[in-house]
Amino acid sequence: MGGEISILNVNKFFGDFQVLKNVSLEIRKGEFFSILGPSGCGKTTLLRVIAGFEDVQEGDVLLDGESILHLPANKRPVNIIFQSYALFPHLTVFENIAFPLRLKKFTESEIKERVGNLLNLIRMEEHAFKYPSQLSGGQKQRVAIARALANEPRVLLLDEPLSALDAKLRQELLIELDNLHDKVGITFVYVTHDQTEAISVSDRVALMNDGKIIQIGTPYEIYESPVNVFAATFIGETNLMKVDVLEVEEEYYVVEAPGVGVFRCYKDKEAKAGNRLILTLRPEKIRISKQKPMIFENVFHGIIEEEIYMGYQTKYFVRLDEGYIMKVYKQHVRYLLDEPILHWKDEVYVSWDPNDSFIVEVLTS
Amino acid sequence: MKKSLILLLTILLTFSAFGRATLYIYSWAGYVPEEIIRDFEKKFNCRVIYDTYASNEEMYAKIKAGKGKGYDVIFPSGDHVSIMIKEGLLQKIDHSKIPNFKYLDKEILNKTTFDPKHEYSVPYMMGATVVVVNKKYVKNYEKSWSIFERKDLKGKMTLLDDMREVLGAALKYLGYSVNTRNLKELEEAKKVVLRWKENILKFDSSSYADGVVTGEYWVVHGYAEDVYQRIPKGEEKNFDFFIPKEGGTLWIDSMVIPKGAANVDLAHKFINFILDPKNAARIADYLGLPSPNVEARKYMKTKPIYSFEDLLKCELIEDLGEFLEVYNRIWQEIIM
Amino acid sequence: MKYTAVYVLWLLVLFLVPLSIVVLFSFLEPRVHGGVLWSFSLRSYSYLPQYLRLIWRSAWIAGVSTILTLVLALPVAFYISKSGHKNFLLLLVVVPFWTNSLIRIYAWRVILGNNGVINQFLNRFGLEPVQFLYNPFAVILVIVYTYLPFAILPLFSSMEKVDESILEAALDLGANKREVFVKVLLPNVKAGLLSAFVFVFIPALGSYAIPDLVGGLNSKMIGNEIARQLLIVKNWPVASAMSNLLIVVSLVGILLIMRREKMK
């Protein structure tokens, strides 16, 4: 049912400006695949290449093993949902969804049945005869999906379909989209610049920047093992540290970070004493307490510079004795029963497990 | 700097105008030669303002709206002279002030049915509606209305888009009066025009002159001076203007003095000046038309487009009053 | 508020007053030398049935011209709306207005006349001249030429408002170019089509100079007859009655179209 897409060394220019730089991707059958990247990095362009709205100067695009580059957009078994939904203003919801079916000369009864099923799928039966201008943002988005599915494409391309909606609705629709994906079973290629969206529903994520693919992997891989500084900082928040290797042990390095001090970190990558590393340490992996913890390594003393209460967690910015400002996110698991509440100006200790940091890059000095 | 110059000029002009009387003339563009006007200004130490109109209708609307004020001498055609008399827009001419009137041809004076005793009008020029042939394309032809019967010129000829002119031509062709009130004659004329209609390209009053000069049309029915002015220098010999031997329609333009004229005395002087044989000769030479002034013919240097004798075969289109309805109906049947 | 007053005054002086005079005159008796007699009469209207053929001809010439104009204007407007040089192209569209329309009509005579550029060219190759002008088709050609900008401009402005992505969406959903145009673009520029229709059909119906200059024996339109009645026959009430007929036909047409639009 779902299709498999291979993008092979695609280069694309707008005039002199290169938008896609040697992009290669394998998207598997039935996968929920996200393309994530900052604004202007070329996500939409990549999607439009797959849909057939842009030609490429080099490379190939295969669908289930066959090149589709020579096919015009209207002949590709791929459908796209635009950032703006692009519903036809002159047609009702029913007719919008029926549009591709009428083009294919389906009989009236077939159209009724198919559109009926799709309306049921998106739970819009009672709105069938409204015009797009009479729909809410979320409803429009669902109609756009139904319309794109009417053709039974092998791949559905979604270009930031939620970006125009408010945060709460976005959350709901994202889950709905995930459910829909499970039901229809076709390949979804989902473009977004919102990392939480990408991480929460995708099977795999491709991280893009400046026309290049930076990293491809499961959300877990990308979050936990970013391949470079960009990947580490783009997804989630982190404490990024440049550290010097003092000593090489069997499993760990002893390192010194300016503004922090000396501590241990796991040997994710090979390095020698004297090398400089870039280390990422996720704020939620750091413990914070008034009492000095009963361990001897990776513990530092500091003062809370700022606290941001978020409900489910509190973000602390702790100034360490040596000067480094460390982000620490404390989850409120058992808020009242836990230790005393921490406040601005409190003296605290921060600590973390040497296994929880991650070496992003080894800078040879 | 420029502004003050203009101011100075205005003041000067105003002063000079103060000293001299001003005569306001309302006429067709280029109808009275500039030198005649300049000579008149010199002779009577006055200033002449020459304002122009493109049709009798335009002139009539303006004079009617202004109740005859604003101009001293106007040049309407015959039918409009009678209309203006009926509407009370003109004042009587004082013949004691126009001694040169005696030079006008009696034959012409007899034709001015619109003002038989010349109480209100003095003829300026007359002419006929003619047929113009572009001889580059048409070599052999008879000077007759029958030219419009010629199948070999089909699609190359035009008739005026004017019912009185066209029906008038057909009536003359048949030997009837252009002002007939006889239904049988009119029906016959209608049949003739319907035959002509088979051969003409269109009824055209607006672009025939240009058409015949450029060779777009070969034979046109129209006003000689319209075409004459458009012929490029040196090509005059390629064009023939003729009044068909059966005769045709005649027009007479007269000089009149409107009721509200400010300078009646000077207006009379001007009319008399125009009728001076030497001046009349210059005017006729300039327009290429025969002069209505018998004495002037001695002084003319050019041969007019058509002769005075030809004109005498022609008949003036008269106002038919209510009977015009019949002409309208017949014309309607022709063009529909 | 102040502007409304100016607008109302403008409408009144330049539009309603002259129109009322025309309506009023059509119900009066004619005077022999133009003008009207102040006595009520329906006589002018009793003339109208004679003009049935003329009215029919005017209507079909205007109708065919309008349809051709719209057919030509649509792709042009579309092209301009998608072009990167919109302002320049729009300028080109309106450039003809810098020249008097009569001169432009004469230009067609210079090009297509019996002795015109094309025929002289044919002549040079020993071909028989073709009479392009002096028939209803020449009238249609020049009407289309003259009013094309009036159709392009409103179509352009409504096409510019059409979201490019709905055209791509249609393509994506399997429509070919023609289907995109007919099924998606056209329905979304209806307002523009309607104004283009009105801007072309109404002046075309009242054409005067075009049939006069490039028409022949069988291409006089109602505008020519109105002018003849007014200037030569000097029957103002009949001229007014015919003008009113034009106004009524145009109004009824517009209202019908607008009604149909609303019902949808």
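As written, the chains take the letters A, B and C, and residue 1 is the first residue of each chain.
In the analysis below, contacts are C-beta pairs under 8 Å (C-beta built on N, C-alpha and C of every residue); 3 or more make two chains touch, one makes a residue touch a chain.
Keep in mind the model is a prediction, meaning the values are calculated, not measured.
What's the overlap between the neighbours of chain A and those of chain C?
The common neighbours do not exist; no chain touches both.
By C-alpha centroid distance to the whole-protein centroid, which chain wins?
Smallest centre-to-centre distance to the global C-alpha mean: chain C.
Relative to chain A, which chain's C-alpha centre is the most remote?
Most remote chain from chain A, centroid-wise, comes out as B.
Can you compute the centre-to-centre distance for chain A and chain C, using the mean CA position of each chain? Integer Å is fine.
Here the centre of chain C sits 58 Å away from the centre of chain A.
How many angstrom lie between the centres of chain B and chain C, each centre taken as the mean Cα position?
Here the centre of chain C sits 36 Å away from the centre of chain B.
Provide the C-alpha centroid distance between chain A and chain B, rounded to the nearest whole angstrom.
Chain A and chain B have C-alpha centres separated by 91 Å.
In the complex of these two chains, what residues of chain C are touching chain A?
163, 165-166, 168-176, 179, 183-184, 187-188, 190
Please output the residues of chain A touching chain C within their complex, sorted ascending.
Contacts found on chain A: 51-53, 72-75, 79-80, 82-84, 86-91, 99-100, 103-104, 147-148, 150-151.
Under the touch definition given earlier, write down the residues of chain C that touch chain B in their complex.
Where chain C meets chain B, its residues are 32-34, 50, 53-54, 106, 109, 113-116, 131, 134, 212-213, 215-217, 220, 228, 231-233, 235.
Any idea which chain B residues touch chain C in the complex?
55, 57, 60, 83, 86-87, 155-156, 161-163, 197, 200-204, 206-207, 210, 214-217, 319, 321-322, 324, 328, 332, 335-336
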